[in-house]
């Protein structure tokens, strides 16, 4: 009888564990997916959700190459004095995410390169960068 | 004279009819277009316009395969207690539209599968799903 | 001593000039990039930034073929009585940009073709147009 109870308990715990496992993030693919994200908004909630999205993506597709192009109002995401995601950007950069600022946006808004977080690089035109990546077969996500 | 008047009237009515016809939705292509839509907003007007968009798409391209991936705030579109489009979702599902919920979003917001409309399925990560579809040649539309 | 001062001054001016040059828009590629833009918003600031985006794109990629598909609330961009960008649309059209209105949107909102700017053409379904272009290899940008 005790043995049966033990087995029932063990089965129950095993089920619990399986259920918990299926609820936590899982690896969906080991493919080297390449994705360019476009951020054009200064909405801090949206920027926070982008950071979570990038994290979740790297959990589900650990070999992915991710690039985030920021232009127009999205430039605030990379401005040291404004962004609320500086720590997360540092973490994600260390995990290989490429952060990119649009020089057209910088010039039009008189923002200096030195006002941006160290973890980013710049391109002459953000939208052209996104189009060039799509042409090379990268997927595109508008944030 | 009466005959001429009659012919003029008939021509006029025929023109009217042609004009009305050209104003109603038409089949644009019979190609098997494949499109993944991304919904991230809980704006009920936007969700209403998505439903109309899907309908219009199937009129213009009756052989299209359409998939709608809902994540972040877009999950409300699939929540039985919240969505205003339950009937339309049922109709569109019957016409072959595939509705998909993001499990990361469900977990982060503590939403249970049972709280979603029956007509949807879930995937581990919504954005990865969209990227995988693009990689397979599906077109992408951000709603 | 005067010579040294002169050389220093010349170097300084040369640096200034280089710096200014690198800050102004540059040609990024002479490739014939093809891009379809999707406009669905009546936000006048967004519409203004789209116009700037198209201009910047043609500076960075002078051989690009650009198409702007307007549907849903984005139709206001092409409505003569509403748009604030009529002059810019005329300029961009002259530089080869293709402006397109969705007939489904026109019919649903009872807008006549004659209420749109001359510089645009119409298609039966805006979203189908965008998908057909993606299928032909055009890049896609959601504005």
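Letters A, B and C mark the chains as written, and numbering starts fresh at 1 in each.
What we mean here is this: contacts are C-beta pairs under 8 Å (C-beta built on N, C-alpha and C of every residue); 3 or more make two chains touch, one makes a residue touch a chain.
Quantities reported herein were computed from a predicted structural model and do not represent experimental measurements.
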Notebook entry, point to check: When the CA atoms of chain B are placed over those of chain C, what is the turn angle between 0 and 180 degrees, to the nearest 5?
Noted result: 120
Next item on the list: Taking all residue numbers used at the chain A/chain C interface, answer same if over half belong to both copies and different if under half do.
Entry: different
Next item on the list: List the centre-to-centre spacing of chain A and chain C in whole Å, with centres computed as mean CA coordinates.
Entry: 27
Item checked: Touching two or more other chains - residue numbers and ranges from chain A -> 140, 142
Next item on the list: Give every residue of chain B touching chain C within the complex, in rising order.
Entry: 23-26, 28-29, 31, 33, 35, 49, 52-53, 56-57, 59-61, 139-142
Margin query: Please output the residues of chain B touching chain A within their complex, sorted ascending.
Written below: 38, 72, 103-104, 107-108, 123-125, 127-128, 130-132, 134-135, 140, 142
